[in-house]
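To start, the structure itself, in structure tokens.
Chain lettering (A, B, C and D) follows the sequence in which the chains are written, and residue indices restart at 1 in each chain.
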Amino acid sequence: MFQFQCDYTEGAHPAILKRMVDTNFEQTAGYGEDIYCESAREKIRRLCGAPAADVHFLVGGTQANLTVISAVLRPHQGVIAAESGHINVHETGAVEATGHKVLALSSRDGKLTAKQVEGCISNHWEDENHEHMVQPGMVYISHSTENGTLYSRKELEALKEVCEKAGIPLFLDGARLGYGLASEASDLELSDIARLTDVFYIGGTKVGALFGEAVVITNPLLKKDFRYLIKQHGGMLAKGRLLGIQFDTLFTDELYFKISRHADDLALQLRQAFQEKGYRLWFDSYTNQQFPVLPDAHITKLREKYGFAFWEKIDETHSAVRFCTSWATSREAAEALITDIGRL
Amino acid sequence: MFQFQCDYTEGAHPAILKRMVDTNFEQTAGYGEDIYCESAREKIRRLCGAPAADVHFLVGGTQANLTVISAVLRPHQGVIAAESGHINVHETGAVEATGHKVLALSSRDGKLTAKQVEGCISNHWEDENHEHMVQPGMVYISHSTENGTLYSRKELEALKEVCEKAGIPLFLDGARLGYGLASEASDLELSDIARLTDVFYIGGTKVGALFGEAVVITNPLLKKDFRYLIKQHGGMLAKGRLLGIQFDTLFTDELYFKISRHADDLALQLRQAFQEKGYRLWFDSYTNQQFPVLPDAHITKLREKYGFAFWEKIDETHSAVRFCTSWATSREAAEALITDIGRL
Amino acid sequence: MFQFQCDYTEGAHPAILKRMVDTNFEQTAGYGEDIYCESAREKIRRLCGAPAADVHFLVGGTQANLTVISAVLRPHQGVIAAESGHINVHETGAVEATGHKVLALSSRDGKLTAKQVEGCISNHWEDENHEHMVQPGMVYISHSTENGTLYSRKELEALKEVCEKAGIPLFLDGARLGYGLASEASDLELSDIARLTDVFYIGGTKVGALFGEAVVITNPLLKKDFRYLIKQHGGMLAKGRLLGIQFDTLFTDELYFKISRHADDLALQLRQAFQEKGYRLWFDSYTNQQFPVLPDAHITKLREKYGFAFWEKIDETHSAVRFCTSWATSREAAEALITDIGRL
Amino acid sequence: MFQFQCDYTEGAHPAILKRMVDTNFEQTAGYGEDIYCESAREKIRRLCGAPAADVHFLVGGTQANLTVISAVLRPHQGVIAAESGHINVHETGAVEATGHKVLALSSRDGKLTAKQVEGCISNHWEDENHEHMVQPGMVYISHSTENGTLYSRKELEALKEVCEKAGIPLFLDGARLGYGLASEASDLELSDIARLTDVFYIGGTKVGALFGEAVVITNPLLKKDFRYLIKQHGGMLAKGRLLGIQFDTLFTDELYFKISRHADDLALQLRQAFQEKGYRLWFDSYTNQQFPVLPDAHITKLREKYGFAFWEKIDETHSAVRFCTSWATSREAAEALITDIGRL
């Protein structure tokens, strides 16, 4: 059985585990104030070209999202997101639990356009009863999105411009940032992400770490007292060095980018295999998630040997499914799958 | 430099790391639904003598506290706790952030008495304007407490009785449960804890794990939909097996109890050393935290070689300090410290 | 200038003010425990055919909505509502501020269908990751809706059936309940509302009172400790008798229904005038709100003498607008408007 | 039976009711944007000597407190208050329900001292783990306090100085501000209150209005988007003019101060009567609440003819009780009580 179910079925890249073992009996300060966290922060700041950025390590993605959003918004403000945004559908109302509405905009591919966001904001302010409505206070995007799609540099610049004009921070959920940046279809560097957002995070959980996300705050107005918020939401790891060690390792010798590229490469081979076979792709993804539309009979057939996720019923006899590769996916698994796709 | 600063300065017990390395490339289901979590759950249920208990693994203590409390209380209810309770002082208002007041009762040693709790509850209901006041909806205790003190079986039974009479669940924060149960002064077993509370957790972070707490819910009324709450608060680890592996290891061959006993033994040797030297103990602890009252000059002296925490100014020339041992404290470190205490 | 802007431009029905003046120097208990509240409660229970119902008086509609919803839901649950529902668009995120997501379903006319609700609920439970999503915990409808439309008895019965099957309470926002019940198109009595919902409220603010809504809880499971919730959200009026006096007056000699019928009658005359003139109605309302689609030039013309609300741009030259009548609208005003419509 | 139970047993000052009746059929804009609110705002600004202040009318005290506090604090901040502060004991955890801890300081008389507040703030910042604790973000005082006591100008200046030094706003709950300002023991004017606080409110509910409190925000940093917060918490009255009319009337011809003085005068006569009889006063109040310590037998005796509140058991045979006068208390009632005190 080969797993393409999701990008977090294995543990961590072996280099991370090795480092944990090597440092296990060192005695360090707690709560992220150790030398490993500091070293990782420094590497991230350098790669981001953002020497003044604040970098915080949190345990997971939902926690990163809810902590960032609730730290930034005032109580009457909401966060604009695509309908399919992780915060809107798959976090059990974590944002609402901190008191804020997700202002969901429709989206075919998981992306928001600058025009949509601008419209949502101006609609608010043009309404004479705007005090009766939730005020847009932040824009949330993910990159790559939940559908594997990517923002181009131009699209991101346009979003940033709209946000700046409105005085609203732009927050990028980078749970799969590695897979986004490493894609052959991407024209964005990590430093672009840092420059074109106010706060974002670099996903570890889905990209080689045991767990953990690195929140990077570049907008000075959003930095104040952030550590209080981490603690309040239960996200301040006592043995914070565990996160420092992981990110320090990931950002040594470009490991983060290398393993992301590996996953994307395999995913694009799957993409090609599906396309050559004549299958439609439900989303046009050039990253580690691929969403072919398959006849239900073929889905049943593939399930005999492969794990993958059901996505959406398309018609009476077809469904979209999701195949994920990751840093841990073996070439062997991908090749077996490609062969079997060919045989369908 | 020997660290007695806290009980989370090192990584994890080597057996845990070894197991993580050994299983690293296995592919498992996420979110705590893997075989390691299931195995750990089963072991915990057996040790608790509670075959029907629900067991959930959460990342840390603050998270466990806020998730349990907000899962149980209705919006107008608060949680009774000792003034010195972790939820009242050291969690940045995590409980309040979920909408609930901590009803803090004064306590010399960190423990609540059944009588105090009973008084607090009856005061509420006797007030004719009780609807204008927060309704007591849960009792929170820690064992061992933040001051290293312990509940006796009789005290815990009395608390349980008061809670049952009032129809209010009793929640035990076991961040240091191992050190509590392993103490020579304890007359409680894990199965007593399970029997005499409605929900409690077994601390991993401070007792040999990298991180993680095992929440055990024995009261059937408190079980419903708990996993939603974990997810909502960002506490559902994608690679949940990391927690399963840790607790499964800790509860294999009594590792959890052995390493706890080790810490307590060393702590009691420190206790004896301080007492033999004539120092007062600020709290009467028989667990891994010791709180001697030392002349400030001696504190300065000891700081040259040892890390430990300032606790409280006692008078012009004395302060209470805290020495923590842990599963990782070496006999060598303890002996060095004992020798130096003798020389003060 | 005649106002058709909304249904709360005047004070209160004179009978209410007279009663306030007459009782002004009486000394009564506070917080809704006076004889006027008790009398009003009794009348409402009788009219509802619900002798065991709990009746609470709250200051306003947003408060009634947020208090009821937050009293009923557990933290991981959300409330299903039409996209156009008041709680979803015009309460500044009041429901989210109590921690809950509004699960908004699309709706052309402001109503929810039983089928929609059933689909939303079953979608949740069929998803294998349902714990990652907000759980539907309540259904919210308004009657008449924000668009003036009405549920038929059959529709309401179908909704109730779906809710009961799912074990989810049905909550009816009756801010304009009087106008709904008094409509010639309605086949529902107050007792039907009481029987077919679990909790609802009878709007006073828009139907003759200075302010105030009467929340009626018929489902015994939702009654517990509701007064705590009212107080916590700042909705427990110190001089609660002010609400008691108002509702007692409204439910004496059928005043509530008489003044509602008056408003509906005038509104239907407006409806007829618009239709005779060949204007389309944006929503098919038989209650006190009418939504004709008018040429923009005619809107400008009418604005010279009449106040009314812009609703929505329909095309380059037409907009939907809203004319409201109320208990206080004079026949003279309605006739003048009808004449001027005829002249357009 | 004469009522001294509380200061909200009657309706409103007749001048208010008359004005409501007179204006009843006027058609005004909703939500506090009518001419009566504007006129009342202007009068309040003038009396406060604060021409740039924002003035908002809210329905009640709990609502005013929770709205102001949640508008000002960030999520990790709490509000310092006296243990006996209304927000700490009698609002069913309304502040906590918005996510914030009340940092309660002990107080004999209901007042906070500048030194206490300074200590609380500096304790926070001196703790090296301050991020694990709730950050003081606001200071809440009431004037007169829940115990009838008053701040002197010097005391208020000292509090303001401490707050300014710490960069923390000072909020004054003026539910009984009229009775405070009118007291012969007060050396403060309304303009002092405005100058020495950042935000405060002028109580109407307990001082002659049917209901309503006027929130005055003088600190420009606290003004932004406040109306959103009012709406979100259900405090934006549709027929806002009801509040405007009431405060406009109260601040016409000094009515607010005259009726407050009336209540204080009668209360001081009661005070004198109790003292002449040799009874101790539990709090040293020069305002409309008096707290004599009486033998329980005398309490029973007085209860035959008078309503008043039990406060606290003092010893086996004595209790403190509370007698309230108000704008509505008649001289006749006070004289009867004084006579009966003399006869005890």
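Methods note: a residue touches a chain if its C-beta (ideal position, glycine included) is under 8 Å from a C-beta of that chain, and two chains touch if they have at least 3 such contacts.
None of the values given here were measured: they were computed from a predicted structure.
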| item | value |
| --- | --- |
| Partner chains shared by chain B and chain C (touch criterion as defined above) | A, D |
| Most remote chain, CA-based centroid, reference being chain A | D |
| Comparison of A-B and A-D by number of C-beta pairs in contact, larger one | A-B |
| Separation of chain B from chain D, taking each centre as the mean of its C-alpha atoms, in whole Å | 42 |
| Centre-of-Cα separation between chain B and chain A, whole angstrom | 34 |
| For chain A paired with chain D, centre-to-centre distance based on mean C-alpha positions, whole Å | 50 |
| Residue list for chain A, restricted to those that touch at least two other chains | 75-76, 91-93, 97-99, 131-132, 228-229, 231-232, 236 |
| Chain B to chain C touching residues, read off their complex | 31, 70-71, 74-76, 98-99, 131-132, 135, 225, 227-229, 231-232, 236 |
| Residues of chain C touching chain A in the complex | 75-76, 78, 89-93, 96-102, 129, 131-134 |
| Interface residues, chain B side, partner chain A - complex | 3, 6, 8-12, 14, 17, 20-21, 23-30, 59-67, 91-94, 97-98, 205-206, 210-211, 228-229, 231-239, 241-242, 307, 328 |
